[in-house]
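Two complexes follow with subunit A in common, the first pairing it with subunit B and the second with subunit C.
Presenting the complex of A and B:
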């Protein structure tokens, strides 16, 4: 039989059957055992971000989370943080605080080059800090974090000294953030436009091309030598290329991931997180951001929220618990603290945030908002109790926007009229700058509890060079200012914890904020993408250790 | 749209033979009429059809699929989708009708100017219309919204303005053909003034086709207005507007289809029903002509 000549027709049939078989096995391969036993070099990873496309790829300029996400791939900081929350070496190998706390000395690695060939040295660090503090740079996050730095000295090529106006217990945490990453001084000197388009760092990838409104292409840095102390491997990254796309629509983003068109997405929606958990081809990376919790801030700088009774009445009148339960499918936990749950010094007080419409109504009566108009809204002296809530559609995921609608609906029963204003990012910044808001939800990510100083110290009502001010609740409390100032200076950990607990108590009891939940930061990725982790600093993913098991 | 004029003429000569023999309504037309009656009832008496408050939230009953208790299911905030769709009818119809009225009004002014005020005006209006035709209608609407800001009122005006060039061109064509007709020539010979001719002879003969055009345009205007709301440029949350409901529901399209299906169904039904009825009217007008 086996010697019988094969007719052409039979041969064709056999080939077809074989092809079908190959196709079938090809299809089932991803579900089978991993294709490789260890990291494989090469390949392109496609990342789809739901965040707004940055207007500048240099995170010194402005300084928001979309910039942190991508710049983590090509820029590096002086120090990093490990999973236990300890500061670990990165571009700096050692550091020491002076006796009087008024200066810090950093020892730099002497074998690192920026990808344009400029050496990493003390002069480069000095130039970066000067760049961040230069009003022309329009920095907000980095600028605010360096508020106490008066000057920087290059002691010798690998030693840099940072001089402070007062001790800064948060300096190392601040320097670990991507917004204070160290860039090539040669590249910075090209001017803002060019540096925004192609910033140059020491990272594992290099910006190759930015196709605006579409994608950014990063290629591997073949000469890479400077992974943080907690990385999985040494030498260049495994991936050859990263295509960083912007897919603002969450449903299309998830569909693209399901179809394998992209390998990883951020800003995953609660319903898709639940769905992905049942899909073997997808995996979840949940990395809550440090710093502030997601919260509604009540603008205490103008009526009606300049009256603490109206603030408390509002907080008592809205039902957040049911909204979180209905919209987040158990993927988000209610917060009662100004700080993220990943901050060890976070303090919460559930008793202040119970849903109690009757208590709210009594407070409104007491504050003079006792009448109701024809539509059922509270009025005082002919003025309706109206609250404007500008919503950044780039920063608030749809579930959060729905949550605000529910807040609007429950507050309505109590007689508050909430006007929701969905805005794109720049109009939203504009509304804040013009003080045209009574309520706002503005995420703020920073490593460590010093974020409280940025958000609630009265200095935070003064805009940074970018025009952004962080104290949206417009808290101006001298007692709180004094506590936050002292907390930012003491190096004794117990005293520091005590002061920050006191500061949080003042913010919570003053009803300046309505905490909602941690800043949601869930990534979904294809199961054959391995080695991705979130850097413990601000929870941005690093693709340095990532490889494709296919 | 502009070849409607041509098709009107061709159709007119084709159907003139049947003039006088009135065709009875087709099944589609009866269904369309029923849909429109339902829509009008929904717009005028929404509470009688859907007694639940379209804005009332029940967070713990969010994402319930359609059931006997809640025909169209509930949305992400536990609001009743049937109520929202019914209560949204008035605003959707109002936007469609107002936008069409604006478009027709502008079209009437421009078309009459071009058709009646002599070759210089005709030439300049026509060139302007050609420039406007170079942009797709929705793009014109978006351009208008960029300048005047989003909202229901601006979206309505934007849709109206972006449909005006089409109407203007059809109206001009209509006027030009009527102006050349025998009875207008006769009136001119009899020494009637230009305005008398316009008022007594030309306008009455253009109004019927314009009314038909308007009816056909309402369906399109509703779709466009819903598109603008879908893009977040029209009605804002939590308004029960069909386009805004589609936009809010699309996030959950893979897990809760009913959030987008029902508002989408109503948009399609409304636009289709109005168009079917408009076509019927169009035929009637032709038969009479």
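Presenting the complex of A and C:
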């Protein structure tokens, strides 16, 4: 209303401001040398998360990554995973699979108490599995991971038996996830609202206060006795307190870290990772998430991608390497596999994903998309070669959204019209459920290669408006189904590796996906914060060994 | 009594005014709640998915069905609307889907922060605008041009840009203020300035124009003729005149500040209504969105009444009417 069209002046102001900021950001003093020779007890660590604030602090409810990040500080699982990818003891000391594969027996530690005084025993584990499987709990991730579990028996106080409908080679990996952590059955019995606000576990910290839309305060568990087998020390944590804040804006999150207002941030963006590398006061912790790689999935369930030639043509026509290099400043490594590089069984094949526009053009001609319209797009029988790509602005970081724009630009040269549709999470789910997409990028975090069954078994293809489906590429291949089912059951590790390699080969050679890079998961911390590591399960950080060197 | 109107006339007129005003306010609140309800439901996407599926998770059929049943999302839209309206009519704002807490408790927690931010920003904007307007109308081409230029630039700057530049300069660069909200007042400085700058641009340009008009007006001339100092003319006579349109705009300015609060509270990580609204819309959290919007609308109505009253105080012509 009073806004004059004065864009040149506005632009000049912008340029001036940018110049000032370039001058100012260059200067930040590096921190001094280490102040202490060994771990120091005490102090408060402020963690700033860029993820959404969880709506419930009990990761059994729903089950997403923001919950995993924080609950790793106060809840613990039956087993964990070490840096070599082996399952290691945590709350369970031993486990054994029955001959027939239809039950597993776990031996629990007998000296562990939940922070409300309830003992950790077989009955507690049974109650947790029942809680996860109860539809009233609204569990998604944990519920799906326990799909083959029919019941649980407390054999004696420290022995629990899990009964299965069919052998489950992924059971240990599933149980290592923070979404299946073991909570106090007394606390669970308080009901969902209370347990969401103050879940009770066996972990090194305890939820003290949740100040909604602002911060969560955790305090040290003074009686802590149950670190995972690969922890650096025993006994209580070093830190006295953790303040967990939510700073959704990536620029102010990084500024807060630089200013020392916070000690650690997650969701570091490529530009800040590069900046931090040159700042002695900051350190980087790069921990790619397990499960699937970030990839574009080609919807093979409808035209034009129901034709493998068109899928291959698309993959040959887009220049992903240059875009990744240019937009991620070397912080992301290109992937050629459906699985994350942290998965020991991941198989990739670079030769299938070379940028070759000529081969792409030949394939399109062969598939009948030989004409071009006035705007240069390929057409067949009057139909333009249009691809819809709904982009979840909650899940795709800005660099990835720019990457899709570059994919759009290079595909245009080949005659593909890509329509990018930026959507919030709920609308994005809606577009997928309505089958209104040809391309989509949907991250999926899970421990172990069994994620392939969720993503590519034909059971996951029905896009009903209400239904759960993760097979966005809509792969319906009976041979692949059989391989994935068998791989989910065999207990012989070699046979399992062989089957998953075969499954990945089918997915890659069918040109159902265009792998991009691992699910980026970089933490930045002040250099005087020591001992922080990411748990090799889902790469959430653990602050149990952390201490402040100041 | 009907024959003797004069003694009851004034209170009666006031009562009628109050009644009309209240009915109007109720209508506005109803319209706001209705529009909000349908706007949220018309955005594509399933609220149940939004409630369950955070980034990277996939909700199971069973969980989705349970959520729909729990929140009545499986009912026809008209039934959901009437249920929501019935609840609101009894003063119950309901329970937030996404935060699992009563909406009124959440609003009570989040309201003070935003109101403080808005009030401070409005005051700072007024001070900046007044200072700039008085300075730039002192005569001379340079102050006039600089004043006009600053106002237009300030008014055109988007909040997110100002916020990032302020953080980079005063926090990362100079280290004077924290880049995120802190317990002390220092954390308020950058958010307040971010919100106040564009508003000061708007208010300033209106004030400057009416101040110029007022200084040319006959009453200013006669005041000067009575021997008042130039400063006296400005402060006592002209500024009062010049403030009128800006006072009238303060109601609008409040709306502007609330929309700015969405951005500012997110960037500076301040708890408040703006950030709550953003989370609520993303989560399709209808009770919470309606709660926030109703509170803002109610505040807007109260503020409009107050600006009316302030205009009457500043302008005797309105009092007579």
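Keep in mind that, in the parts below, the second predicted complex is superposed on the first by the 508 of 550 C-alpha atoms of A that agree within 3 Å, B and C clash if a C-alpha of one lies under 4 Å from a C-alpha of the other, contacts with A are read in each partner's own complex, and residues count from 1 in each chain.
Keep in mind that, in the parts below, a contact is a pair of C-beta atoms (placed from the backbone, for glycine too) under 8 Å apart; a residue touches a chain by one contact, two chains touch by 3 or more.
Remember, predicted model here, so these are calculated numbers, not experimental data.
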| item | value |
| --- | --- |
| Partner chain(s) touched by A:269 [first = subunit B, second = subunit C, both, neither] | first |
| When both partners are placed on the shared chain, which of subunit B and subunit C touches more of subunit A | C |
| Touched partner set for A:189, first subunit B, second subunit C, both or neither | neither |
| Touching partner for A:406 - first (subunit B), second (subunit C), both, neither | first |
| Which of subunit B and subunit C A:98 touches, first, second, both or neither | neither |
| Partner chain(s) touched by A:319 [first = subunit B, second = subunit C, both, neither] | first |
| Which of subunit B and subunit C A:246 touches, first, second, both or neither | second |
| First (subunit B), second (subunit C), both or neither touched by A:255 | both |
| Touching partner for A:281 - first (subunit B), second (subunit C), both, neither | neither |
| Residues of subunit A that lie at the interface with subunit B and also at the interface with subunit C | 249, 251, 255 |
| Residues of subunit C defined as touching subunit A within the complex | 43-67, 98-101, 106, 109-110, 149, 152-153, 155-157, 161, 163-165, 167-169, 171-175, 178-180, 182, 202, 205-206, 266-269, 271-272, 275-276, 279, 282-284 |
| Residues of subunit B touching subunit A in the complex | 55-57, 59-63, 76-78, 232, 236-238, 248, 250-256 |
| Complex contact set, residues of subunit A against subunit B | 249-251, 254-255, 269, 271-272, 275, 319, 322-323, 325-327, 393, 398-399, 401-402, 405-406, 408-410, 420-422 |
| Interface residues, subunit A side, partner subunit C - complex | 2-4, 6, 9-10, 13-14, 17, 20-21, 23-25, 27-28, 48, 51-56, 62-67, 135-136, 138-141, 143-144, 192-193, 196-197, 211-214, 245-249, 251-253, 255-256, 258-259, 261-262, 392, 394-395, 423-431, 433, 443-445, 465-468, 470 |
